[in-house]
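Consider the two complexes below, in which subunit A is the common component and subunit B and subunit C are the respective partners.
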Partner chain A sequence: MNLPITLTGIVEGALAPLGLQGLTPLVVYLLDALIILLLLIMPVVTILIWLLRKMLGFIQRRLGPMRVGPFGVLQTIADAVKLFHKEDLFPANADRVVFALAPFLVFVPAVLVYVVIPFGQGDGFVTKDLSVGLVYLTAVTSISAIGIITAGWSSDNKWSLLGGLRSAAQLVSYELPMTLALLGPPLMAGTLSLSGIVAAQQSVWFVVPQALGFLIYFIAALAEIAHLPFDLPEAESELVAGYNVEYSGMRFGLFFLGEFANSFTICLVATVLFLGGWHLPFLGGLPLTSWQTGLATVATMALLGGGIWYLNWRRAGWTSATRWHWLGYVSAAILAAIVLVAGLVGFISVVITLVKTSLLVFVLMWLRGTLPRVRVDQLMSFGWKALVPLGLVNFLALAFQAATGIPTGWVLNLLFFVFVGWLLLFAWRKRWAYSAVS
Partner chain B sequence: MSAHQLAFLVLGVLILVSALMVVTVRNLVHAALFLILCFAGVAGLYVLLQAEFLAVAQVLIYIGAITVLILFGIMLTRKITGGAQPPLASHWKAAGAGAGAFLLLLLYVAMTGQWQVSDQPPMDSTTTLGLALVTRYVLPFELASVVLLAALVGAVLLARDETR
Partner chain C sequence: MATETKQTSEPDGVLRLGGPGLAAEPTGDIHEIETDHLEVSMGPQHPSTHGVLRLKVKLDGEWVTEVQPEIGYLHRGVEKIAENRTYFQFLTITDRLDYVAAMACNAAYAVAVEKLAGLTVPPRAELCRVIVQELDRIASHLVSVGTYGLDLGATSPFIYAFRDRETILDLLEMVCGARLTYSYIRVGGVARDLPEGEWRTRFRQFLDEFPPMLDEQDTLLSENEIFLLRTRGVGVLPPEVAVNYGTSGPVLRGSGVAYDVRRSKPYGLYPQLDFNVVTRPTGDCLARYQVRVEEMRQSVKILRQCDQLLDEIPPGEVLAKGARGVKPAAGEAYASVESPRGEMGVYLISDGSNKPYRLKWRSPSFVNLSVLSAIGRGWKVADLVAIIGSIDPVFGDVDR
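Showing the complex of A and B:
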């Protein structure tokens, strides 16, 4: 059962009696933008910030926010209200126009990316499936670097400027391995459209032949969004807060929003390009309308939800967990009912994509809680001496395979394991840095 | 006036005004920011012409890479505050003459050239472009990569620490 309700249809139906059909595309795009901003980015960022604080609390053996709402879920909203109330400060010697503009240069690209991302199967779940979707993605994400640099420069503060300069060097260096790794999926799928790339992963997810590419992309993307262990542009202990140190109120809030939207974006892009998007593992051949697919989705979600709930129970004990766990059951039951009864194709596929993305976001937060920050020289030598050559080898091997038909996947997977082994060895030799200071 | 023409007019004014600001504004960082605006306008023109790959490449290369490098360069070489620089360099007469001559040449070509106008939208410009780059235009393509490689090697040579 695929319900023929699309945004275009609704808008056209509403505008036709007024004789304004010509405006349909414009209105649809405006509505799309609003939906993405209000129904996706804001809630996702709000939840992510809360989840991050809970996760970090879990890792650091404390509770995290607990005061506002059950388990502190409303803490982020309270923080946002506080940010809105704060004074919009300008430093005395700041370049006022540039200073005011910079947060938008960071936030707007973070939102623009979502135009091409297919959240689910079908045209209803992607704003505009550009034929050059992947190039658009890289292009738009590269704009935010300008925002960070100009924010650092216009604040007229040496720590801000240092943060901005560090960020410029880091973004320019890590854009190269990231782009090299991004070349893999379109080469295998034969298209630059993101929907096309997901569709090409029906039988095998690209992470299997492209494990190396996936790892390179993920590490380089961490550096691109200045996430730990590569958060040098905003290293609290070295630069106070880096490029955004002079910002207050909602201008700071925009940086914050952009940052979290970006960390969600890289996980979403990794899901779409490497982890099969809306395809289920081992069930790629099944049509998404079948009840087996719905059941598998619900089972996966129940497993995940149960795991998270179990961890929370282990951490907080019955006293706080039992009071609210019924909320989880009720929402899971409602979701399962929707999935099974309605059997909406798109809905299931969106859920699958988002579940995979959430797992990657979990990895991100895990890294944030465990890894120490790298030094500037380590950052540069790792990028240029490890990631760029590996990315080149990865791309050349794929191109060789595409041109001659001789399979090169085993070489790449061998390289992947060597690389992971080398990373683990490095971590083992530096284990003193990872152990808790007590 | 159609929406298409209106968009062209807006973009044209945007490009011209921001380009003018790039060469007249006294603050180098502001000039770089106006340059971004100018590049964005050009990308918009490409979108109007349905050359989406060119538009996206324009944003990726000119806004995302080149302007970032320019900003990086300005901040490394100038004082933090940027300061007011004389907007016109000493060679502005020669540069102006060169640019004016080029403008006249462009105008001549645009006025006298026989332009082929196609009503059909391009099929898939990315595929066509990619094929053209490795077949018909393979020599300029390879030459450009050799030039870039030479620039890379040159940069390494210049930046190398001689004492080691």
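Showing the complex of A and C:
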């Protein structure tokens, strides 16, 4: 980051008269975390929830939220405000302390993960590039399981208890294949630092040599965040709402937000570890200089905003929807101004990371709109009998490759690609046969 | 995946069925660990009990060891109300029984009173009855199939089902002005003839557009591997048990018994119409689902024939003479129709006045639901939800 005034400088200047310069790094980290939380995660989660509801709406032939703000963008905020108004209920026989703490145990880890995620190129886009980033990541994401189990237990409700028990079994089981899959990228990159792993993907994204690992990670992570088809802990039609059935108000809201933050997190981690982070395909990193980046961003934004508005206008004419077109231009102009004024080299890299993440989030929503829920025994047998052995084979092949240089990992993935190809062919032919009959 | 169904003879000599979980009795050392069964109350406020059903469920972990339906939360004393209404007046109450398929309720009551009083329904009215009943059957099965997806966690099929149901409700609204409580089929005929012009066009359009839409929506579920995992081999109801419990409709036909009131005890125009009685041999949740989907296709087949008959049977009288103040001679009669849920029968006793002396409503949902405690044991909680959904009870009809 080549800002003329740095955050560290400001903090140091403010603390120096008090003789507290020693605290500068701590304060800077805290402020960094706060800025990331307020400026990045909250808006991202808000937009994500809106996007999810819109996407589900389109899949289900509805409009989704339309009333609050342009296209209903502010619906999530309205919901949160509503939740704040609600009474904070405690069941009569609940374990009050545990009950009160459980939502934070779910929400806080979901946010803590962002500390080590490199959103873009350069030190300015990662709060703390830990050398053991991946270990930190797996450790922190496991905490939310405790939150869910305690929430289920402390509610003193039989349905919550069942939900809590389910999540205990599920989260512990799927931790294993997820971690096995996560071990692949550091084996190739030779580092546990997430920035290092992204840097190592400059020539080829890890999804190519580790497609199987990517798939295992993605499926296991779906189970880990209790997303459909693995949303058993809160199975609405079976356990009413599972572990969070007794929660109301913002405590429920924290579960809700934590869930969405988690679905963003797993996509972000997948992007960083397997999809090359901020690297563009075939370009091998960012060849552009600062002002070229800025210009390219402005052009992209203007084209995108203008294009979207034009399509809307062509379709609907001068309606309530197109009346909001100025918002697109204003936001594009603000973004462009930020890019030009600050001259952030890595800004576009953040955009690339977020675009890739959004594509994965779209897959998540697609799944949510398509799949039914599996049963608890099917979930368990799939985890232990399919994902864990596959994850082990994948890990051993990659480890052998890293140790000896014999390309066992590549061979395994080639086999995997052939298998997927055969599967697709089979599905296509079955589909064809089906349409020929009916 | 466990698919076998176990049968056990209890001390009282009653044959009981159940899923693989019945084998989960702990043996040997595990007795040393003190475990307890969890008794939960599923409903009456529960998203998957399709109304105000309460199930007393005993759980061993996730396994259901005992399930006992508790009903009556929606009891309104309909049979008693009938004794204080004239034969013609009571019809509007029947709408409130099976509110998902009110046309069948209207028809069941009307057919019974006509049998009791010896009324002859004009042919045009018979045609109108078949058309609205089959349209209503499709609408009801769409609700059933759509919410079944919802029970299993798939939200989209529900929306697609309700899209098509909306078209039917629009058609029925044009016919009688109501979307749910039709009161269209009256004692002695129907309220008025089907509208001409735009209604006919939209009706034909529906017949053309619906089958591909049904295929699309069916694909969402029946080609989904998870859906098949959740339904195939689950909640198996053997044919002899289905018959012993007196089940009817898709629940019975899903067990391979070809009993359909439209064929077995023909009424109205049905003997003239060509359609198949859909059965599936397996008796599991998937079979019951498939029977419903296939029945919608058969209903379209019936409606296509009715579309031709609309041109052949000229418009005319649609209500028998003397139907309004009908006063049957003392006696009794039982008549039934095939509602989307099975045999919906009405038993009437007349003492010669203009009000029924006694009315007994044989509701298919009630009888079908009784089988739940037999087949619900030994499955997981999630399977129990799948089984209830496949039985498809409607609580206005169960509790009466």
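Just so we're on the same page, the second predicted complex is superposed on the first by the 339 of 438 C-alpha atoms of A that agree within 3 Å, B and C clash if a C-alpha of one lies under 4 Å from a C-alpha of the other, contacts with A are read in each partner's own complex, and residues count from 1 in each chain.
Note that contacts are C-beta pairs under 8 Å (C-beta built on N, C-alpha and C of every residue); 3 or more make two chains touch, one makes a residue touch a chain.
Keep in mind that this is a model prediction, so the values were computed, not measured.
K.L.:
Looking at A:T150 after the superposition, I want to know if it touches subunit B, subunit C, both of them or none. Which is it: first, second, both, neither?
P.N.:
Only subunit B is touched by A:T150; subunit C is not.
K.L.:
Quick check for you: in the superposed arrangement, does A:N93 touch first (subunit B), second (subunit C), both or neither?
P.N.:
First partner only, subunit B.
K.L.:
Contact-wise, after the overlay, does A:A168 reach subunit B, subunit C, both or neither (first, second, both, neither)?
P.N.:
First partner only, subunit B.
K.L.:
After the superposition on A, what does A:K158 contact: first (subunit B), second (subunit C), both or neither?
P.N.:
After superposition on chain A, A:K158 lies in contact with both partners, subunit B and subunit C.
K.L.:
Based on the superposed arrangement, let me know which partner A:S142 touches: subunit B (first), subunit C (second), both, or neither?
P.N.:
first
K.L.:
Scan A:E12 for contacts with subunit B and subunit C and give back first, second, both or neither.
P.N.:
The answer is neither, since A:E12 touches no partner chain.
K.L.:
Using the touch definition from the top, say if A:D129 reaches subunit B (first), subunit C (second), both or neither.
P.N.:
neither
K.L.:
What part of subunit A is shared between its subunit B contacts and its subunit C contacts?
P.N.:
Subunit A residues touching both partners: 158, 161, 165.
K.L.:
Along subunit C, where are the residues that touch subunit A in the complex?
P.N.:
Result: residues 1-2, 38, 40, 46-48, 59, 61-62, 149-156, 159-160, 163, 215, 220-221, 223-224, 226-227, 229-230, 380-383, 385 of subunit C touch subunit A.
K.L.:
Show which residues of subunit A lie in contact with subunit C when the two form their complex.
P.N.:
For subunit A paired with subunit C, touching residues are 56, 59-62, 158-159, 161-162, 165-166, 228-229, 231-232, 235-240, 368-378, 434, 438.
K.L.:
Write out the stretch or stretches of subunit B touching subunit A in their complex.
P.N.:
Subunit B reaches subunit A through residues 27, 29-30, 33, 36, 52-53, 56-57, 59-60, 63-65, 67-69, 71-72, 75-76, 80-82, 124, 126.
K.L.:
Which part of subunit A faces subunit B closely enough to touch in the complex?
P.N.:
The touching residues are 93, 95, 98, 101, 130-132, 135-136, 138-143, 145-146, 149-150, 153-154, 156, 158, 161, 164-165, 168-169, 171-172, 175, 192.
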